[in-house]
Amino acid sequence: MSGIDRDGAALLPSPTVVEGRRVPLPREPGTLRAFWRRLRARRSAVVGLVIVVGLVLMAVFAAWIAPYDPTETDWGAVRAAPSLAHPFGGDEVGRDVLARIVYGARASLGAGLVSVALAVSLGLPLGLVAGYAGGWVDGAIMRLTDALLAIPFLILAIALAAFLGPSLTNAMVAIGLSATSTFVRLTRAQVQALAAEEFVEAARSVGNPPWRIALVHILPNIVPAILVQATLTIAAAIIAEASLSFLGLGQQPPEPSWGAMLNVAKNFLDQAPWMAIWPGLSIFLAVLGFNLFGDGLRDALDPRGRT
Amino acid sequence: MLQFLARRLALAVPTLILASMIIFALQQLLPGDTATALSGEERDPEVIAFIRDKYHLDRPLPVRYGYWAAGVLGGDLGESIRLQKSVSELVAEKLPVTLELACLAMLVALAIGVPMGILSAVRRGTWADTLANGVALWGLSIPNFWLGILMILLFSVQLGWLPASGYVPPSESLWENLKAMAMPAFVLGNAISAVMMRHTRAAMLGVLGSDYVRTARAKGVSPLRLVLRHALPNAAIPIITLGALEFGQLLSGAVLTEQIFSVPGFGKLMVDAVFNRDFATVQGVVICTAATYVGLNLAADVLAAAVNPKLRRA
Amino acid sequence: MRASDEPIISVRNLSKHYPLRSWWGGKGSVFRAVENVSFDIRPGETLGLVGESGSGKSTIGRAVTMLNPPTEGSVAFEGTNLSMLSAKAMRAKRARIQTVFQDPYAALNPRMSVGDYVSEAFKLHRPDMSRAERREAVAGLFERVGLEPRFAGRFPHQFSGGQRQRVCIARAIALKPSFIVADEPIAALDVSIQAQVVNLLQDLQAELGLSYLFISHDLRMVRYLCHRVAVLWRGRIVELAESDALYDDPRHPYTRRLLGAVPVPVPAVERARLAAESAAPASAIAEGGDLVEVAPGHWVATPPEDRP
Amino acid sequence: MAAEMGGAPLLEVRDLAVAFDTDGGAVHAVNGVSYALREGETLGIVGESGSGKSVHVLAMLGLIPRPPGRITGGQVLFQGRDLLSLPEKALRRVRGGEIGFVFQDPMSSLNPGMTVAAQIIEPLRIHLGLDRRAARARARELLDLVRIPNAAGRLDQYPHEFSGGQRQRVMIAVGIACRPKILIADEATTALDVTVQAEIVALVQDLKREIGMAIIWITHDLGVVAGISDTVQVMYAGRILERGPVDDIFADPRSAYTLGLLRSLPDLTRGRAGRGRLRQIEGAPPDMRVPPPGDPFAPRNAYATARCRSEMPPLVQAKGAAPGHLVAAWYDLPEILSDEAERAR
């Protein structure tokens, strides 16, 4: 690190460089407006945001949007093909598929948001402590997350759901706990990377106490990475909830859930394929939306990342 | 190299011990009397007494864990009350099926993901890159049980090419076995391939932007050699280590895939056990999954170390 | 001895060792980054610490300020032994000891406005100051280091390297410290900016009576800026003298080699120097030896058998 | 620009311009650079970061990433052929064969996954068509040539088993493997310690005598340039501000920027007595997304005239200077300096 001229180093080797140190680029971490501009410049991110916002609105205003009560059965609509009265068709006991899709958004999004909120609120502090304190505290926390990671996500969620008993709430808890180690590790890695940065040492040199370094100097710098990971984990959590419900371990009938709808639908594939198409498509769209938005968020927050 | 492996092994042991504690502790989540809950559907007092004795439920928790862990180490994963079989036997029966599925799926994932990742990195910013990223996004976003249903709809219901369910052991007929495994393996591999593609792309972009690749270009190395000889071997290390983390995804996904295609593997065993409230089996399957996962990761570490000259020589 | 000759900082037998982990993660041998280093710095004096990469010069800078405390040895600052202070007392002491870091791109928090960054020093050490007072003080500091006060609301990425280093210096002098460790403060800057920063450091010294520990590998700048110079080699001081004495009459073979390797921006001279230089890797220099005073204030590491 | 000092130039750069596309608009890294290099000449290019000194040589051999890099104009004639319009395949034959490279950071510029032998052998097989055996024997000779002790024993080692200075020696062996016509050293000693730098510079001087190649030595260190160059070229903000024979540039600089750089350097041999403040250059290099309209150095130049701020001066023979000493300036530096001296008196 001796007086290295950054010309060659900065302008050339990789796509990251152009944003490198010398060429002043509009990396404006301080201003929300600049971030919003960069986000809007990414078409896929905007598409993702529109999908996400659309689904959230659908879940919130389900009662106004759904044409029927999602649990109301109509013997005339049993496995009915899509029609004007039932645009998405009817299910095995004659409930309106469209209404169930609209209400099902509540289970999916709710599970995604609640479980990730749980995972972040557990994982972020643990990761901060592990990364900043180091030593045996770090060792203990890391071994614990290693152990949790050794049990694959869905397997752990299934096991938890099995022992806690199947319900949407328990599924959310299970998913949240399984996702926690991701956030512990991410936070810890970020904290460690930042702690090695000179500005953290500079903060110490002026007499900052440890808590202030962690909260004022480190935390704001890892928020973007956590946000991105949270968005992408919501996508994974939606799939996980749908998976558990598909296995019968999540939302219990007759309450609507996309995963549970698919579970029933697979028994009627040859007679009523629409029962399988709509819920699957909904899950796909929701997950796609969060993935697109998360990728866009990452690019907009850190222009040095992927292109 | 040996030192590196020894260190990895030394880390794996406490991980597994802690994981087993977590799995054991799951029992405590059961509502009400543990023995009654563990007996599942059975209400026979004799069975309950047997369970109480078997799990030493009258002893304090750490002691119980000790007995249980000793049993697990000796290959005793407990008894499936429901199936009247030892869990070890059940696992031994089902594990090969799941491993076959997982290996085939990993092959699918590698065969799709790695070349696609290389291509998109080398042709960054072109339509090929956009297309590969689109495919990866699709793979990440489509729930694999839905993909499975759609494939059954197309290949079994509509076209009748492949069986919708069932499993034929390879010892009986390799061809039938592969036919039955084709859809499950593809469905399972699909999501992983997307992740592999992203890892490969990121690793390749990193390497392609490195100073030594510029050196190679300055030597007049051809693009093909640049990718295959200079970039790929160095990108392989992160691809292997990150790819190994996907074994978890693979084992998770296997549960669903087996459920959809009625493949009699591990996942099916577990889900059935959950519904039968056959908790010993659930625990047994989870601990075996964890062990498999840790084992596979260790294997990947060995592979990564073999590729890395800094470790090979050390 | 006059009061002003009393050293402001006095480093004795300072060592910094890092444990080398053995393969199973346990303790093995140690890496001796710095070994048995002693020096004083007087009020208003600049001591230069020169050496090549890996010589341990930055380690010393961080050990002296207790950012990375020494394994052995003592650091006495204004009469207080810093290694004996509690974490809290040390934090309070930091108002008097400041550091200017090498890389002004990395030393600023990217998500904190430069005004907040400088003002943080007051927040931590001057709880009596009101927000308006702090703002005023920051504006004054900005002006002092040659930045427009209206830039206080901006973020680091909006500044050039030289301007960032000025921000760092503004924060370092905010609490009117008596001693500043300048750890390669110009190494990351462009040639045309280096002189600006060195001049600023020198002006501030005259104005505030600061003492500096100036860590650098730029031998030209060290001679220009420093009153005395210590040459560091493999974690030990091999020569320590008044800067003119050291440059005009280097005694240790390593110092000679180091000074002889500096290119001279005069073509005829530099060509002659190059012609004498060998392209083969240089031969080894004997290590070790205690510092011996060979002339008043001129200390050289000499193995016992070579001593007069 | 015409070839200087007789003889057809080996390399001729004409009006080269390079830009990088970024989120914040195009960065104009190189803005019309023209010069010629004779056979066997050592050209020292001096400049700070963002001056375009590295970018322009990388660009002419197709070594900048595209996108975001873009060559926006110019020609580069190497032995009569325009490198910029050469198909990639033909350009590959030039790179590493006729033009060798040594990069800045020896830690990252060698492939960590290949043995040193494999990396030296590569250009020999590609450009000279040597078989494996002959190439290996030649690689051994090259390691000897760059003064790596026990060359035979080190061929099959990996880069991480070499020290920084040794790695740079290996890089040089790669660069000269095919006895190139030109060796381009891009900040080749910047990352090295000063004692190692001295060895490497001396080594390159020796090799030059042996092989007779031309050298383009890119650096920000005026001292290194003084010793090895025949010609010195000073770049700033993507342009050449001054260029000429080395002794003349140092003794009689005509660009205010060159003068400023020389003046701001403290003298290693001068005592502390009576020294004043360093004569600093004010301001900072320009933002290359919006380069200043005229002479890019004008905003920092106390001697700049109104014309400097609006119109880029051409690079022309400096009045009363040695032949081949070119400067881009509307002002007349010697005149200003003598006025200054007069006023001081």
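Every chain is named by a letter (A, B, C and D) in the order it is written, and numbering of its residues begins at 1.
FYI, a residue touches a chain if its C-beta (ideal position, glycine included) is under 8 Å from a C-beta of that chain, and two chains touch if they have at least 3 such contacts.
Chains and their UniProt names: A = Glutathione transport system permease protein GsiD; B = Glutathione transport system permease protein GsiC; C = Oligopeptide transport ATP-binding protein OppF; D = Oligopeptide transport ATP-binding protein OppD.
A quick note: this is a predicted structure, and the numbers were derived from the prediction, not measured.
Closest to the protein's overall CA centre, chain by chain, comes A.
The greater number of contacting C-beta pairs, out of the two interfaces A-C and A-B, is seen for A-B. Remark: subunit A and subunit C have CA centroids separated by 47 Å (rounded to whole angstrom).
Between subunit A and subunit B, the centres computed from C-alpha atoms are 21 Å apart.
Separating the CA-averaged centres of subunit B and subunit C is a span of 53 Å. Separating the centre of subunit C from that of subunit D, both taken as means of CA atoms, is a distance of 32 Å.
Taken residue by residue, subunit B touches two or more other chains at 125, 209-211, 214, whereas all remaining positions touch fewer. Counting partner chains per residue, subunit C shows two or more touched chains at residues 53, 160-161, 190, 217. Shared contact sites, meaning residues of subunit A that touch two or more other chains, fall at 2-6, 12-15, 24-25.
If you check the complex, the residues on subunit D that touch subunit B are 61-63, 65, 67, 92-97, 100-101, 103, 105, 108-114, 122-123, 126-127, 158, 160-161, 171, 174. Across the complex, subunit A is touched by residues 53, 62, 65, 67, 88, 91-95, 98-99, 101-103, 105-113, 120-121, 124-125, 155, 157-158, 160-161, 168, 171, 184, 186-188, 190, 217-218 of subunit C. Remark: subunit A residues 12-17, 143-144, 146-156, 158-165, 235, 239, 242-243, 246-249, 259, 262, 265-266, 269-270, 273, 276, 279-280, 283-284, 287-288, 291-292, 295, 306-307 touch subunit B in the complex. Residue ranges of subunit B in contact with subunit D, taken from their complex: 125, 209-222, 229-230, 233-234, 307-310, 313. Across the complex, subunit C meets subunit D through its residues 52-53, 160-163, 190-196, 198-199, 202-203, 217, 219-221, 223-224, 227, 243-244, 247-248, 257-271, 273-274, 277-282.
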